[in-house]
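Letters A, B, C, D and E name the chains as they come in the text, with residue numbers starting at 1 for each one.
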Amino acid sequence: MGIVLVDGIEVEVGDNERINGIEAAERAGIDVPHYCWHPGLSVVASCRMCLVEQGTKDPATGKITMLPKVVPACQTPAKDGTVFVTNSDKVAQCRAQVEEALLIDHPIDCPICDKAGECRLQDYHFAHGQDERRADIRPFHSKKREMGETVSLFVDRCVMCTRCVRFTREITGTSELLVINRGSHEEIDVFPGFPLDNKMSGNVVDLCPVGALGDKDFMYSQRVWFMKSHDGICTGCSTGCNISTEENQDRVYRLRPRENMAVNKWWMCDEGRYGYHHVHAEDRLVGPRRKDASGKHAIVEWNTVTAEIKTKLKAAGPLAAVLSPHLTLEEAYLLIKFIRGIDPNAVLALGPVPTIGADETFPNGFTIHAEKSPNRRGIEMLLSHFGGKTLSFEDLTAEIDRGAVRAAWVSGGYKKSDWVSEATAAKFAKLDLLVVQDMFVSPLWNVATYQLPGGSFAERDGSYVNFNGRLQSAKWAIRPPVGAWVEGQLYQRLLERPGLFQGRKVLTELAQEIPAFHLAIGEVPSTGLDLTINQIAQQPTTAATV
Amino acid sequence: MQLLQALRVLGIEPLTALACVCFALGLWLLLPSTTARGKAFGLIFTTISLGLFATNLHLLSDWVSDAVFYVMASVTLVSAVGAVTMRSPVYCAIWFALTLLGTAGLFFFQGAQFLGVATVVVYAGAILVTMLFVLMLCNPEGHSLYDRVSWEAGISAGTGALLVFLLTWTTATTVFVDNTAFTDKTPAKDSKEPAPIVLTATAEQQNKNILAPRHVEKLGGELFSKYLIGVETAGTLLLVALVGAVAIIAHGKHAEAQAAAVRTSDGMTSGLNEEGRRNA
Amino acid sequence: MLAISIEALVKIALLMGGLMTGAAYFVLLERWIAAWVQDRKGPNRVGIPLTKIKLFGLGQPLADGLKFIFKEEATPGHVDKILFTLAPISILSAALAIFAVIPFGSVLPASFSEMIPGLDHQVELLVAPGIDIGMIYIFALSSIAVYGVILGGWASNNKYSLLGGLRSSAQLIAYELPMGLAIVGVVLTAGSLRLEDVIGLQASTGTWNAFAQPIGFLVFVVAAFAEAARLPFDLPEAEQELIGGYHTEYAGMRLIVYLIAEFLHMITASFLIVILFLGGWHFWGITGSENANITWFEAIARIVVLNIKIFGVIVFFMMIRWSWPRVRFDQLMSLAWKVMLPLGIVNLVAVATIVEYQKSLEGKLGGPWGVTAAMWGVSLLAWIAAGVLAPLHSDNSAQKDSFVLSAEARNRGVRPGVTTSI
Amino acid sequence: MLSHAEAEIHLLENYLLIGALLFTIGLVGFLTRRNMIVMFLAAEMMLQGVSVSLVGWGRFHDDWGGQMLVIFILTVAACEAAIALALVQMLFHRGGNLDIALWQNLREGNQPRFVDREIPADDDPKPTFPKLTPAGIDPKTKEEDTIYRTHV
Amino acid sequence: MQATDPNVKWIEEPKLGLAGKMYIPAVIGGLATTTKHLFSKKMTVSFPEERPEIGNPLIYRGVHRLNKDDQGRVKCVACFLCATACPAHCIDIIAAPSPWPDRDKYCESFAIDELRCIFCGMCEEACPVDAIELTSLFDLTGRSREEMIFDKEKLLSVYDMTKDAEPMKSKSLGGAP
C-alpha cells in the first residue's frame, strides 16, 4: 500500500497496481487533460497535454523534493511517495502553450466538424487555453482522405496523438494505419492498397480526441449536442457489448461502446456499431393484421387484437410458443406466463438461433461471436425453469407436422427475414391459429393468422444473458414506430396487468420466482451481473421452496 | 243573506269586506316561508282583493285622468305588495323604488310637483341607494335563510286586513259636503250624525293657490314664512341625525373587536340556530 | 290639444335623433381625440361600404353600432337575469328622460307658429315647457340612473362589477351634494328652477354665471365630471382596476345601451354646464335677449351658439381624460366632502348675501362690477384656504420607521407598513 | 261630467283608500319581515301611505299644510335613514347578519325566547358555477418574504 | 431585500408649494401636454397605403433570408448553430456533404417556421458564415400554416428580392466578406 499526493490529496495505491499520474489524479477527483493517453492503449506521451509537476516525499523526514521540470503524467508511475501538482501556475502555463501549439495548425471549422460538442480540443481550449490566439487564422482547406469503407480522415484537424495507429497495432493487430512523413509534415495514412477494413475499424473514430477521423455512417447527420444517450446492450451477437444508443426525436443516429471491463472493455465491432439501420428501415412492419376468411390480411386495431386473441387461443386447442432469442428475459417470462396461463401444458420452444461463421477473437481478447442473438442462454434458463414440454424449434416443427399442436405463438424480432425457411413455414401453415410477431416480412409471417409487428432492440426495455452467463439490462431509447407495439407492452396488456411495461419491475418478479436469477433481485449494476458465480451457494431459502 | 243585510245596516259594503279577507289571505300566502304553489294562490287572492278595492274607487272627471290615476295607483300598490313579499332584499328595494315612483306620480297627479320630484330625489335617490349600498356591503349574495321566514304572518295579515277594513269603513261612512256653492249650509252642531267634512275651495281658488303654475314659488313662500320654525327644527334634526349617525358608526368600529368576542361567548346567533333545528 | 301633442312628438323625435346620432359621433370624436393626443391617427377607414371612399372614418359609428347589434347577446349563467336586463334599460331611460326639461335652443319666431294651423303659441325648443321644477327633475332622474349602475353591478354577480357598482353609488351620492349647492347659487340669482329662466336671466344681464360665480362654476364642473363618471373620476369602471367595472359582464346590445347612457350623461353634463354657467344660447351681440320679437336669424344663431358651446365643453371633457390621472377612491371622497362641499357652501352664502343685499352692496362696492370683484376675491380666498388646509394632500409613501418593528410587535402579528389606526 | 266638488271628493276618497292600503301593506311588512333593511323599507312605506293621504287632504282643503307636513316627513325620513342605516351597519358588524331575531335580548324581560319551529326548505335551485381546478400547489412562503416584499 | 437594509435609499417625497396644493401647475401642465400633442406630428401611418419608414434596416428584425455567395450558391454550411440558438425551435436543417469541392457540408434542406419564429435575431447572431439574416420586410402574411413554413428556395428568393435594397450586413458593417 502506497500513498501518492496529488495536489495535497492523499491517494492510496495498491501494492501490485501499476498506475500513472493521470489515473492517480482521477482517484483524487482531479482531471488531468490528455489526448494521446488511453487506458486501453500503450503510452507514448506525444501530446504533452498532461504535463504536471512531480516530486517525491521522503518517507522518513516528510520533506518534499520537486523536480525542476514538468513531466507528462501519463508516463510517470504513481508509487509510494510520489507527489503530483496539477494546479500550479506553471502547469497551467504549460497546458496553455501546448494548447496553443496544437491549435496553430488546426482549422477553426468547428461549425462543420462533427466532433464539435464532444471535442477534446474544444473542451481543453475552453478550460486551459489562452484567451487570445497569437497565430493568424488562415483559410481552411479541407484535406479529406478516405481511410476505408467506414472512416474518413480530415488531415488538418489531426493532433498526431496516434491513438488510432496504436489501436490498429495493439487491439486489432491489423496495423493498417501509420504515420507518414516527419516533423511538422506528419500525417496519418494507410498503406496504399491496404485500407482500414478490419472488423473494429469504427473504434478509431471514438478514440480520436478531435474531429480528424470521421464516421462515414454518422457524418453530417446530426450535431452531437442534440442527441440523448441511453445505456443499451448490443444485440448483434451473444457477446453483449455495452453500448450507448444516441438518438434525437425517436431516431437512432449512432451507437457507441460503453466501458465495461468485464465484457467489451472500451470497444465494439463494426457489425454491431452499424447494425441499427433496420430500426428505421422502410419495410419495417407496422399495424397488426388479421387473416380473414378469404385468406387476406386486414389491419385491425391493437385493442381488437388484445381483446380477442386470448379467447381464440383458448379455443384453438393444444398450444405452443416459440421464444425468440431476441426477446429480453422479461418479455420471454411474460410470454411464458401468458401461454401457460391459457394452456398449462403448452409446448415451449426456443426460436432458431442464427449462427454465421465462427467466433472471431482479436489479439486483445475481444471476441465477435458466431451466434447472432443476444439472449439464447437467458431463454434456455427460463425454459429449464418452467420445464413442462420444451422442445427445440425443429422438434416443434415435427410436432406440428404430426398434428399434436393446433395453435402457436411465434415471436420473432430478427433483424433479417431469412430466419425461417419456406418449408418450415408451410408446416406452420397447417395450424388452426398462428400468431407471429416480427419486424420484417418472413415466410412465417405470410402464413400467420395474426400478424403482430414488434419492437426493435432500441425500443425494448429489459435484460439479456450473454454467452457466458452475464445478465445485463438495457433501457429503451426510442419509442416504437406508430402502429407497432414492443412485445413487453403487448404481453403486459394481454396479461391484463395495469400500466406500462417496466423491465425493472418484471425482472424483480422474475428473479424472485426463478432461483437462477436470484442475484437480480437487487440492483443490476451498469456492468451487469455474472449469474454463474456462486449460484448454488447463495441460493435463497425462500426460492428453494418455490 | 242575513249577514249581508247586517253588513248593509252597518254601512259596510260586502264587497269591501270580501276584499279585506282576500287581502289578508293573499298577503299571508305571498309572504316568504310558503311554497311556490302558495305563492301562486297568494298572487291570485291579492289580485282579486285589489280588484275589489278598485270597485270602491270613484270615477274622476275624464277618462284620461282616470287612466292615469288607475295606472299610478296600481303601480304603487302592486309594487308595495312586491316590496314586502319578495325574498331577496335587493328585489324588495327595487319594488319599493317602483312604489316611490308610483307615489311620486300620484303626487304629480295631485298637482304637488315639488313633492313628487322631492320624493324621488330624497327617497329613491338618496335613502334607497344608501340602503342598497349597505345591503350589498352586508349581504352581497342577496338572499339568506332568515329572509325565507316570516314572523307570525297570519296574525299580521289579519291585523292588516282589519285595519284596512276599519279605515275603508271610516272613509265610506264619512259624509262630504260641498260648501263651495252654498256657503250657509253648515251642518247643525248638535246633530247625532258624524260631522260632515266640508269642501270650501273652489276651482279658481285652487288654481291660484295650490295648483298655481308657479307652484314652487308659492310653496317656497309658504314654507319660509308660515312654517319657518318647522323648517329650522327640521334642519336641526338633520344635523343631529348626521352627528348621531357618525357617532354610532365610529363607536361601532371601536367596539367591533369586543362585539366579536361577545358574539362567540354569548352564543347569540340567529333564530335559525342549532336549537331551532333540534326543536324541529 | 292635437297640435300640442304633435309638437311634443316632433320635438322628442328631433331630440332623440340628435342625441343618438350625437352620442355615436361623440364616440368617434372621443377616439379621434384619444388618438391625436397620443400621436396616432385614429379611426379613419370606414366610409361608404364597397367603395374606396373613406370620408375620414365618418362611417365608424355606424359600423360600431352594427357590430354591437350583431354581437351575441351573451348572458352569463351566474347572473340575476331580470335585474341584469333591467339595469341598462333603467339607466338609458333615465338618461333620456332628463332631456325633457333641457332646452336645446331658445324659441322659434312667432311667424313659425302662424304658419302652422292650430298652433296658438310661440314654439319653445324644449320638450316639456310647463314643468316648474326642471332642475330638481334633473336631479331626480340622475339619481334614478344610479340604479342602473348599482343594479347592473350587483346582478352581474362578479366582484369587479359589484365593486364598480358600490363605488359608483357612493360617488354619485357624494357628488350630488356639491352639485346641488352649486345649482342653488344659480337658482338664487335666477329665482326659478326652470332652465329657460336661467338662460333668460344671463341673456338679459349679459353676464354669464361662470363669471359671476366662479367658485360655483368650479364646483359644478368638478361635480359634473364625477356625476358623468368621466376621468379623472371614472372609478366605477376603472379598467385598470376593475376590468370594466359594473359592465364587465355585459356584451352586445345591453353593453351599447350602457355606453350610450354614459355618453348621454356626459352630454347632459355639458348641457347643464353651458346652460347654468356659460350663458346657454346667449352670445353678446348676435343672439339678442328678447323672446317675444325674435327674428329667424337670432333663433338660428341661438341654436348654433348653444351647440358650439356644448361641443367645446365636450371636447374639454375628452381632453381632460388624457390630461389628468385618475384619483384614488379615498381622494375622490375627500374631494367631495372636504373640498367641494365647503366650497359650495362658501359659494351659496356669498351668492345669498349678494342676492339679499344687492342694492346696498352695490352702493358700498361701487356698482355691479365691484360686487363681482368681491365675489372673485371670496372665491380665490376659499380656494387658497382649500390649498393651505390641503385635505387631499397626504404622504402615502412608505415610511422607514413603520418598517422597523420590534420583536414584540411582530409577535402580535402586526405587519409593517400597514397603519392600524382608524 | 262631474262637477268640481264631486271630482274633488272622489279624488280625496281614492287617495285615502290608496293611502290606507299602502300604510297597511307597510305595516304587515314591518311586522312579518325579519331582515332589518326590509323592515326599514316597510316603515318607509307606511310613511308613504300617510304622505299620500296628507297630499290628498291638502288639495281638498286648498291648504299648503299637507304638503308641508310631507316635506317634514321627507326630512324626518332622511334623518331616520341616516340613523337607522348606521345602526343596521353596526348591528351587522356585531351580529354577523341582518336578522332581527338576533337581538331578542333587546325585548322586555320575561319574554320567551323565540326559536324557529321549522327550517324552510331551500327550494331555490343552487346554481352550479364552473370551477377551475387549482393549478399546482400554493408555494409556501417564508414569513420574512411575506413581511418584506421584495417587489410590489 | 429588507426595509432595514442599509443599501436601501429612502427618499423624501417632494414638498408641494401652495400652488401645487391648489393643483394649478398640475392641471395646467396636464392640459398643456395634451394640447401640444393634439397638434403634433402623428407617429402612426395609414399602413397599406403608406409604408412606415424603417429607421435602420441593419438592426431591424423582419423576415429571414438565406444569403448566396458570389457564385450564387447558398452560403449556409449546415452547422446547426442557428437551430441551436433558436429559442423557439423554429429552424429545421438537413445537412449533407456538399457537391462543391471547396466546401464539405451544406444544407440539403433549410426550413423556418415563420409562425413559430419570435424574430429575436439569435440565428443571425449565431451564424458563423453570415448565411442567415433578418431583413426589414415586416408584412409577412400567408393563407395557411404550411405556407408560412419557408423552405430553402423561399428563403433564397427573399435574398434575391431584398439584396438590392439591403446588401449583406457583414459587408456594410465592415466585417469579413
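Basically, a contact is a pair of C-beta atoms (placed from the backbone, for glycine too) under 8 Å apart; a residue touches a chain by one contact, two chains touch by 3 or more.
Values in this document were obtained by computation on a predicted structure and should not be read as measured data.
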Report summary line: Farthest chain from chain B by C-alpha centroid distance is chain A
Report task. If you tally C-beta pairs in contact for every chain pair, which pair wins? Let me know. Result -> B-D
Query raised in the report: Taking each chain's centre as the mean position of its Cα atoms, how many Å separate chain C from chain D?
Result: 31
Query raised in the report: Roughly how far is chain B from chain C, going centre to centre by Cα mean, in whole Å?
Result: 34
Report summary line: CA centroids of chain C and chain E: separation to the nearest Å works out as 48
Query - Centre-of-Cα separation between chain B and chain A, whole angstrom - result: 96
Report summary line: Where chain E touches two or more other chains simultaneously, the residues are 3
Report summary line: Residue numbers in chain D touching two or more further chains are 148
Query - Touching two or more other chains - residue numbers and ranges from chain A - result: none
Query raised in the report: Considering the complex alone, what residue numbers of chain E touch chain A?
Result: 77-81, 84, 95-97, 102-105, 128-129
Query raised in the report: Considering the complex alone, what residue numbers of chain C touch chain E?
Result: 33, 36-41, 44, 319-320, 322-324, 383-384, 386-388, 390, 393, 395, 397-398, 400, 403-404, 416-417
Report summary line: chain B contacts chain C in the complex at 90-91, 94, 97, 104, 113-114, 117-118, 120-121, 124-126, 129-130, 132-133, 136-137, 140, 142, 213-217, 250, 253-254
Query - Residues of chain B defined as touching chain D within the complex - result: 23, 27, 31-33, 35-36, 53, 56-62, 69, 73, 76-77, 80-81, 83-85, 89, 92-93, 96, 99-100, 103, 106-107, 110-112, 114-115, 118-119, 122-123, 126-127, 130-131, 134-135, 137-139, 143-153, 156-157, 159-161, 163-164, 167-168, 171, 176, 178, 180-181, 199-203, 205-206, 209-211, 218-219, 222-223, 226-227, 230, 234, 237-238, 240-242, 244-246, 248-249, 251-253, 255-256, 259-260, 262-263, 268-273, 275-277, 279-280
Report summary line: In the complex, the residues of chain A that touch chain E are 109, 111-112, 142, 144, 219-221, 223, 225-226
